[in-house]
Amino acid sequence: MKVKSYRADFPILMRDVKPGLPLVYLDSAATSQKPEVVITAMDNYYRSMNANIHRGVHTLAEEATAAYESARAKISRFIDAGSTREVIFTRNTTESINLVAYSWGRKFLKDGDVVILTEMEHHANLVPWQILASEKNIKLEFIPVSDDGLLDLAAYKDLLKLEPKLVSFTHMSNVLGTINPAKEIIDLAHLAGALTLVDAAQSVPHFPVSVKDLDADFLAFSAHKMCGPTAIGVLYGKENLLTAMPPFMGGGDMIRKVALRSFSPNELPYKFEAGTPAIAEVIGFGAAVDYLSGIGMENVQAVEEELITYAMEQVRQFPQISLLGPDAGSKGGVLSMVMDIAHPHDVAQILDQHGIAVRAGHHCAMPLHTRFQVPASTRASFYLYNTPEEVDKLMAGLAHVIKLFS
Amino acid sequence: MKVKSYRADFPILMRDVKPGLPLVYLDSAATSQKPEVVITAMDNYYRSMNANIHRGVHTLAEEATAAYESARAKISRFIDAGSTREVIFTRNTTESINLVAYSWGRKFLKDGDVVILTEMEHHANLVPWQILASEKNIKLEFIPVSDDGLLDLAAYKDLLKLEPKLVSFTHMSNVLGTINPAKEIIDLAHLAGALTLVDAAQSVPHFPVSVKDLDADFLAFSAHKMCGPTAIGVLYGKENLLTAMPPFMGGGDMIRKVALRSFSPNELPYKFEAGTPAIAEVIGFGAAVDYLSGIGMENVQAVEEELITYAMEQVRQFPQISLLGPDAGSKGGVLSMVMDIAHPHDVAQILDQHGIAVRAGHHCAMPLHTRFQVPASTRASFYLYNTPEEVDKLMAGLAHVIKLFS
Amino acid sequence: MDDLYREIIIERYKDPQFKKELDPHDISFEDENPLCGDQLRVDLRVDETGMITDAGFSGHGCAISQASADLLMESIIGKNIEEVKKMTKQDILDLLGIELGPVRLKCALLSLKVVKAGVYGLGEASDALVED
Amino acid sequence: MDDLYREIIIERYKDPQFKKELDPHDISFEDENPLCGDQLRVDLRVDETGMITDAGFSGHGCAISQASADLLMESIIGKNIEEVKKMTKQDILDLLGIELGPVRLKCALLSLKVVKAGVYGLGEASDALVED
């Protein structure tokens, strides 16, 4: 019942993939669909108040600035941040993590320092540290992933003896669906004197997250995975850390004063926002957060739990399919499948011919696939607008794949 | 006649600032308004084909990828680039310049190397080099600006004797309106063995620009100043230069292969596009370029020339107003004014009460204002949708300011 | 139409009553608004009871910031510095008799920020001093 | 509905005719598609006139890439390497008898890319080899 009503909020879900073939969108871990209210918020912005912000005294500029900053306040409350000064707008999770690597990493890490990551990271939380490691001779260490897709916390405790400066880990794996015990990981890191960065790209969109409860030092997420537009993401950082960090990019808005050969940076959060910001996108993001808050993140989580539990039950009927990741209950709405008889690309392509959108490949987590000794997998992922009937359609599609390749 | 028809393409221009007070938007140098076709292109994207791109095999992902890459091809043709591999998507001009400073600058500049800028640069083309200079002990030198707002080319030729590695300059000043002789500056730089970066934030939106004719090595611009959305910009770079540069940000899409401790970068242009891109924005940008191409950039330029010529004639009636920058003819559609009797903020505020949106302040060019010994100025800037009647309204507003403060 | 530019604001801008440097003074503080290049200094004389006996401002800025400085000087003469510490954004808006958007609010509040940084004896002025 | 998965593709995938390594061989080349982890090697025997006398592929990949490799091997045996150099994307699509989106096109063209890199004696395979 409830599920039906969320569904109607998303115009694209009324679309047929081909005439007569309705869209079954099971690729929300890659990017979510957008509700009418978000699309309309941006449309309205461009039709009625578009202007550059912060420096303007005219009416449009004041309206746009107020809308932009009120969206920041909403997002700040959504993740329970201490103040809007702790909410930096970036393009996406990837840029948020790069910002920390470039600004904090280059200032505070030195030759031989250890950074702990995990084997289940998305490339966004691997490559920035690899770039830094190669420049500054940082040592990267990895918390191993068990066969059932969980982090090995005993091994983590051993790694902490290396006195790492940072532990950077994903809150929820975009492949395994594993929801990591973030609070415990952070507490242990702090005890060992390390800071923490949470890749929250898959958590903030799917269940309630409080940076205060987690005591996270940095936390990164993207609007496009949580009903918001592309091109906008957030880096949350504790105020004292952000204050101590040098600017990342230079330009307008991030400065207080500029002379020909020197500048002084602006206050937080502007210090890290160089150039004309993603004004329409921030406003759209604000509308997305309003939308999700209106539903309640516990309710979003409940819908997904129901769907993944049902999907995992149903998929057991196919002995040809093995799953990556832990059992339902300890995982989010992500179903990553491997079939001996059919390649993930073929599976995805055949499902597409049934109108079902799933993803095939390494999902930007090559090392994790290497860990599980598969080159790629087929991933179905759920969000608040999906339904049990769509799970049934997925199963019918999978049955057809198996028939074709057996 | 023509002007009227462009005007009708922009929904926001039908708006009243306050009931009965129509909007006179003269702040396009800060950000332009958006035509219906651009707003609709993004709206359609979210309503009918939103999906993450490049890695997906399902129908939506293929449609979105095709739309995204076809926009890149349009933009590439718009600036006459050699291939789409030379067109990197960034957030804005500011990020484009930072990308060059971080990636090219950190690899190819060393202690004592000289970079030439000008006194009329926007902060976006100052601060990134200041950050780099303080890290790597680069020397920044500045082409002086004459009292009538032109670059001193004789001084430039002298500076070239310092054997600079890079000459980075604005194609058109956002304060003075000066259109710099880019081709000449670039040819001289090349003769001296230097590379060139053109800040084209104010040129690509306002007149025809061919990177091939200019022989520019790098060129940066923003969609939001040329009828496109916020959050999307371009770095053009010559292919051989981009190929030799290391990646800037790390993450998804910019890689070919990733292991736990190493990665290999993707081919151009993806090597520099980390994480989920600004998909809707690129598609909107493509629509903006279609719109401008349809009109013809010569025609856009002609409208603005007419407006600035008329405005400069009219403003002469006020001896209380002095102008920054050269005479009409050698300048774009930017009118920056200084009044002894009234502060720029007051001028802008009073004009706003007439429905007229202009900008007051340093316009992100503090050193240039220092050069002219004024703390700030009031800037009216024109675009294809403005009309001579709006110039008249501006003059009436200015007359009112003068009356109030005399 | 020009509701922001009430007569009192234009008058005080053209012909300020308290635009002067005090020498000697007991308290002096200076700050600027880099957005518009405005710059403001305030000098105060304070007697042994903490009462402000004279006040003056100098520098340059827009009509809103100059008028607000002039009106603020007038209003704090005769006040105890403890009272001044309690002054808020709203007090300034009441003095000016207008409402302001966020950018111009900064202009209007610059003088109060400078005065408060001075009476608190701070090393640096902060926007937090004038946030309600 | 499964227009992409024509019988010939599924058949060639399940039961390829030319999936073999040739030892000795005159030409051998190997490449991969990192997007999907596919990996392909091609071995060729060429006589003194430049005619291909035998061809085989090995590695793993999706049905489209494996079927296209199998059909390509069949089609180049008996051809001169100069002819093979002229083969295009369209030749592969004709062999497969289907149309493909950009992602799957990469799968379909991997074998031709490997063959061409081999006959041209290149150090590295490039997408440019199979762009029309």
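Residue numbering begins at 1 within each chain, and the chains themselves are lettered A, B, C and D in the order written.
Convention: a residue touches a chain if its C-beta (ideal position, glycine included) is under 8 Å from a C-beta of that chain, and two chains touch if they have at least 3 such contacts.
Please read these numbers as outputs of a predicted model, since none were measured by experiment.
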Fewest hops from chain B to chain D - one hop per pair of touching chains: 1
Chain located farthest away, centre of chain A as origin (C-alpha): C
Whole-Å gap separating chain A and chain B, where each centre is the average of the chain's CA atoms: 31
Intercentroid distance (Cα basis), chain D paired with chain C, Å: 79
Centre distance in Å when chain A and chain D are each reduced to the mean of their C-alpha atoms: 38
Chain B residues counted as touching two or more neighbouring chains: 55-57, 61, 257, 345, 349, 360-361, 366
Touching two or more other chains - residues of chain C: 34-35, 103-104
Chain-chain contacts as defined at top: A-B, A-C, A-D, B-C, B-D
Residue ranges of chain A in contact with chain D within the complex: 342-346, 349-350, 353-354, 360-362, 366, 369, 374-376, 400, 404-405
Touch list for chain A against partner chain C, complex: 54-57, 61-62, 65-66, 256-257, 267
Touch list for chain C against partner chain A, complex: 34-35, 101-104, 127
Interfacial residue positions of chain C with respect to chain B in the complex: 1-5, 10, 13-14, 34-39, 60-64, 103-104, 107
Touch list for chain B against partner chain A, complex: 11-12, 15, 17-18, 23, 25, 27, 30-31, 33-34, 38-39, 42-43, 46-52, 55-61, 91-95, 97-98, 101-102, 117, 119, 122-124, 126-131, 133, 140, 142, 222, 224, 229-232, 246-247, 249-255, 257-263, 274-281, 345, 348-349, 351-352, 356-361, 363-364, 366-367, 370
